[in-house]
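By letter and in written order, the chains are A, B, C and D; residue numbering begins at 1 in each of them.
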Amino acid sequence: MTKTASVVGASGFTGGELLRLIDSHPEFELEAATSREYTNKTLGSVHPNLRGIEQRFSDPTELASVDVLFAATPHGVSMEQIDAFREVADTVVDLSADFRLDSEDQYEEWYDGHSRPELLDESVYALPERHRDELPGASLIAAGGCNATATVLGLGPLFDAGILEGDEQIVVDVKVGSSEGGAGGGDASSHPERSGVVRPYAPTGHRHEAEIVQEFGCSVAFTAHAVDMVRGASATCHVFPDEPVSTGDLWSAFRESYDDEPFVRLVAGGSGVYRYPEPKAVAGTNHAEVGFELDPSNKRIVVFSAIDNMMKGSAGQAIQAANVAFGYDETAGLDFQGLHPVGTP
Amino acid sequence: MTKTASVVGASGFTGGELLRLIDSHPEFELEAATSREYTNKTLGSVHPNLRGIEQRFSDPTELASVDVLFAATPHGVSMEQIDAFREVADTVVDLSADFRLDSEDQYEEWYDGHSRPELLDESVYALPERHRDELPGASLIAAGGCNATATVLGLGPLFDAGILEGDEQIVVDVKVGSSEGGAGGGDASSHPERSGVVRPYAPTGHRHEAEIVQEFGCSVAFTAHAVDMVRGASATCHVFPDEPVSTGDLWSAFRESYDDEPFVRLVAGGSGVYRYPEPKAVAGTNHAEVGFELDPSNKRIVVFSAIDNMMKGSAGQAIQAANVAFGYDETAGLDFQGLHPVGTP
Amino acid sequence: MTKTASVVGASGFTGGELLRLIDSHPEFELEAATSREYTNKTLGSVHPNLRGIEQRFSDPTELASVDVLFAATPHGVSMEQIDAFREVADTVVDLSADFRLDSEDQYEEWYDGHSRPELLDESVYALPERHRDELPGASLIAAGGCNATATVLGLGPLFDAGILEGDEQIVVDVKVGSSEGGAGGGDASSHPERSGVVRPYAPTGHRHEAEIVQEFGCSVAFTAHAVDMVRGASATCHVFPDEPVSTGDLWSAFRESYDDEPFVRLVAGGSGVYRYPEPKAVAGTNHAEVGFELDPSNKRIVVFSAIDNMMKGSAGQAIQAANVAFGYDETAGLDFQGLHPVGTP
Amino acid sequence: MTKTASVVGASGFTGGELLRLIDSHPEFELEAATSREYTNKTLGSVHPNLRGIEQRFSDPTELASVDVLFAATPHGVSMEQIDAFREVADTVVDLSADFRLDSEDQYEEWYDGHSRPELLDESVYALPERHRDELPGASLIAAGGCNATATVLGLGPLFDAGILEGDEQIVVDVKVGSSEGGAGGGDASSHPERSGVVRPYAPTGHRHEAEIVQEFGCSVAFTAHAVDMVRGASATCHVFPDEPVSTGDLWSAFRESYDDEPFVRLVAGGSGVYRYPEPKAVAGTNHAEVGFELDPSNKRIVVFSAIDNMMKGSAGQAIQAANVAFGYDETAGLDFQGLHPVGTP
């Protein structure tokens, strides 16, 4: 009783990750992997790790019927193609920003005009840790932005426990890898220019801010830096609650939120080299690491959150959400534990 | 009917990889993970990717009986402990250099004196691509050295096809990652000194040379360089056959050797970014990539071979050999395909 | 009329930079480079870039008289040795934390007890951009901490212009390279563990906070992350002024502070790849890059500051301060412009 | 009596290095830095390390008369523009491949047709260590290829001492950084694809081979790999002399060749971390490190050579050659010693 799955935009980075995950998924069977540019070429010619798969890229204009279609296309494409997608698939999981926000107003504020605003309310935000109940049976699912995902997982327990209410000062300082820019990229993404950077690339106004605001009804001071990783997003959230909290309060809040979550690990202190969340520790996996420390001198809570932007921040999250949508084991196909040691992720 | 497995020396890098592979292996069940230094600490306190495993490190002097014992101890330890190992386990798979060579003379030439020389002949060299028939039922298996493994997989088809016979000029120029030095390491392994190097670390006399010589009966001019990777070994073999060969001859030889091998991929030319073997393309996996090019101007064959030194070059090879020894599917527990894109592996 | 200079602790990273800078300085002549561990070895045996210098390390207990002594010893050593240092040198420039703070109370709050507290008030904080007038003729100069230096250079113009007064919310999120940990280091500094990290290493309570507090009389919420660089410190300061400011106000403030500074560059927006301060752009130099952006949505000013922690954050700053102390051209010996492109700095 | 210098193609990587070197050169004064794409933009908008220089890029079609013109244009441009260059400058130093080879036949064998073959014999190969006598007064100077430069410096002493005569087996295995590909680059040069590679990019037939053949009249088996550096070229030469040699013979040969050379350091063994030539140790400098080891088991000499491909392999070599051509101190403007520690160069 496997379900058939196609990936549109399969030659990109997140498309390739979807192919990999579907290929080893116990319930999904890959139907088509589309690519305009690479039609008829082997998957391995673009994604060297997939050299063992016989299948080839197919023409995106010739989509067969499937149970689920994953769209890994650039922002703006899915809203234009959504009717075609839904014609061939009962369930569409979109990895772009097109259906992440709930209202046309929000979308226009952070992006541009939306050609299918009536679908914004219908789509379900994929993050199972916060929207699990909405996923079963959903027909349009929008995977969240990677930086938003890291931040939302970090701050969620504080809002859920009432430690934050939305009017506090929240500073989010994010560090991300180069895969976020997708394949290709311009001069700034070339190896000589991009190597070894700590480069502010979105000092203010990053679009992922919109998803955080939507999730919590808060305001957030968000800044993103490019650092020397390929995969990974790390969010450091500096928050200043109105009421004093103890470290015990924080442990309670984070345990309450995450003790039953299969993909969230609490990492806060302890011994050894890896005492706080790090992208390295989750590279290649669907895990998120979340941790915190209380700064008594200035009543600050520092929350750390680390994910693989390609996995929990995109393709892995999409598979996890699809698992929930179809009633599968939520961890199906997502059991890779990651590597130690590992280089620059 | 799972088999129980223990890992001795489990806090090291290859020990950690064995734990990871055993944890997700369909036929093995982890009995004990020993570490003198970390007894009673969680596996995750050393290997952050294994935070999900409840088990803790145990005392290496208290070994319970198991079906298979994997020894990931420094060179010289296994030969001293081998009786204790064999007392508790029917099958011992050793990842050190202690049992790789066949004769006491060879061992003394490349290492020092051997305390149990009578076992050298008994032990089976783990590499299934060349010693598959010797593995079923073997009770002492020695995983090969990572650089030797990469080289032997690259040169094997040329010897098997008679293109090389052992008296030709063979130059092997190897590039390896920092995990080869194990955890800890001295000043030369510290991040500020080790980052970004192309550092000759074994210009001549590298001990892995002994395994290549043993395998093919040839002489080899071998030099190893440390480069900026954590995982990975890449061997470039420059060989000069006595008789002219064509590219077609080479394709025939390599296909003959590897068409049925589940873990060896031929990568030679083609289009796209990844046209020859690269450690990046196999990082985290048990795959080897092997390729070649003929240089008509100087009658040279250039053979490229790339592996993950921690996997195909050590822990993965050990599991693969154990799979064969026990009659399991050779690929059991080794199905991770690797990632694309991925940073410095 | 050159002055003689000795470096105590010359085998360490900042010691090596001092040697390099003194060697090419038009006014200083190297007298002695001491190292207990490497006495009589060539400088080049530790610092490969200094292979051209004939001099060898000398015994730290046999110090000849010099005009200036640079102490690049671990924290706590200088306060014990200060009498011996001052006996042989009229001017001592200390690169440790021993004399950075002004009062015993502060020192005890952030470090431990101080054995020579009476000198704390006498010592001059080296940063010429803020303490130039105090340097001429100073006999005890304390180079600032690298993270403090980056932060103080970033925030200084806002305090000087009255945009900040000390009671505002200030969050400082710092990213630093591995050289900050010095030569050697433990497991956490080994290449396999340290590569590719975004690792919170001082979530709260970082000692460099003390220097920022001392400089501005403010409170600061400071967090430091290790990232994959060897050299470099990048500070992102998120500040929330009480009164609204315009981008024009900010330009005025930063230009007022830095238009005449030889080592501070304003980098804020513009075109091309390098639009904000980056450690890469100043690697190997004594330059600091400082920039900012106004976030109208949350009344936040984001200030970016980037330095080479070994240069402007340590050895370069020390030479610059010594230049001012002796009345030399402030830029003497510090004219290296840095490289483009450059890898991980 | 400074001489005026212009750089054509100044927005590229080697062009930027020329600007940097000229700016701090005691004898040269920068007249023009041309760039078609960036005309009228500041130098710092492309080369962030040059933000301190007021000058702007100028139109390449409007060249003023100068004493020396450095052409840092892509291969094929100089041969088309050479008359225009020579009309405005008495001395032209070309950094492309256009004038490196001596004969039209050679050029056609390795490149394509040459539009100005009569100039090939006239041009002087820039490498002063081998062609110093030809440089004074030369009006057309061709800087060598970076990989050829590294190799020629490594092998030179063996040929000069008669240890090699040209008919021996010579294998050259080169590792180079990403700056060799120039600014921009395609998918293969994007950070996600290029990070952490050990990638064979020219298994056979690399064009720099031509320069080695020309220099020594030998045949060479040459293979180049891209590794994770931005700057740097490392050549490992495996050579098999007909007659036995001793380590003493090798020291004599290398000392004879290089004891008086200001930019070549012999690094062979010794203690410490840096015991053989490494690109890291010379990054940013005009130095070459050369070393060797004798392999008694197979009568092999392994020669290591490391340079910064942008400096000794290109712009630095060009300045050094110009210094000789004009009778200046050969090291003028080239005194930067490099950094320790330094990250990925």
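By our rule, a contact is a pair of C-beta atoms (placed from the backbone, for glycine too) under 8 Å apart; a residue touches a chain by one contact, two chains touch by 3 or more.
Nothing here was measured: the structure is a model prediction, and the numbers come from that model.
Looking at B-C alongside B-D, one finds more C-beta pairs in contact between the chains of B-D. One simple way to say how far apart two chains are is to compare their mean CA positions; for chain B and chain C this gives 45 Å.
The distance from the centre of chain B to the centre of chain D, with each centre set as the mean of the Cα atoms, comes to 38 Å. In chain C, the residues touching two or more other chains are 13, 177, 179, 183, 187, 192-193, 195-196, 228-230, 273, 278, 280, 341-345. Taken as a contact graph, the chains are fully connected, with every chain touching every other chain.
For chain C in complex with chain A, the touching residues are 169, 171, 173, 175, 187-188, 192-193, 195-200, 203-205, 219-221, 223, 225, 227-229, 232, 234, 236, 238, 240, 273, 276-280, 293-295, 297-298, 300, 302, 304, 306, 341-345. Interface residues of chain D facing chain A in the complex, by the touch rule stated above, are 13, 177-179, 181, 183-185, 187, 189-196, 228, 230, 343-344. If you check the complex, the residues on chain D that touch chain C are 13, 16-17, 20, 23-24, 41, 45-52, 177, 179, 183, 228-231, 265, 267, 270-274, 278, 280-285, 310, 335-345.
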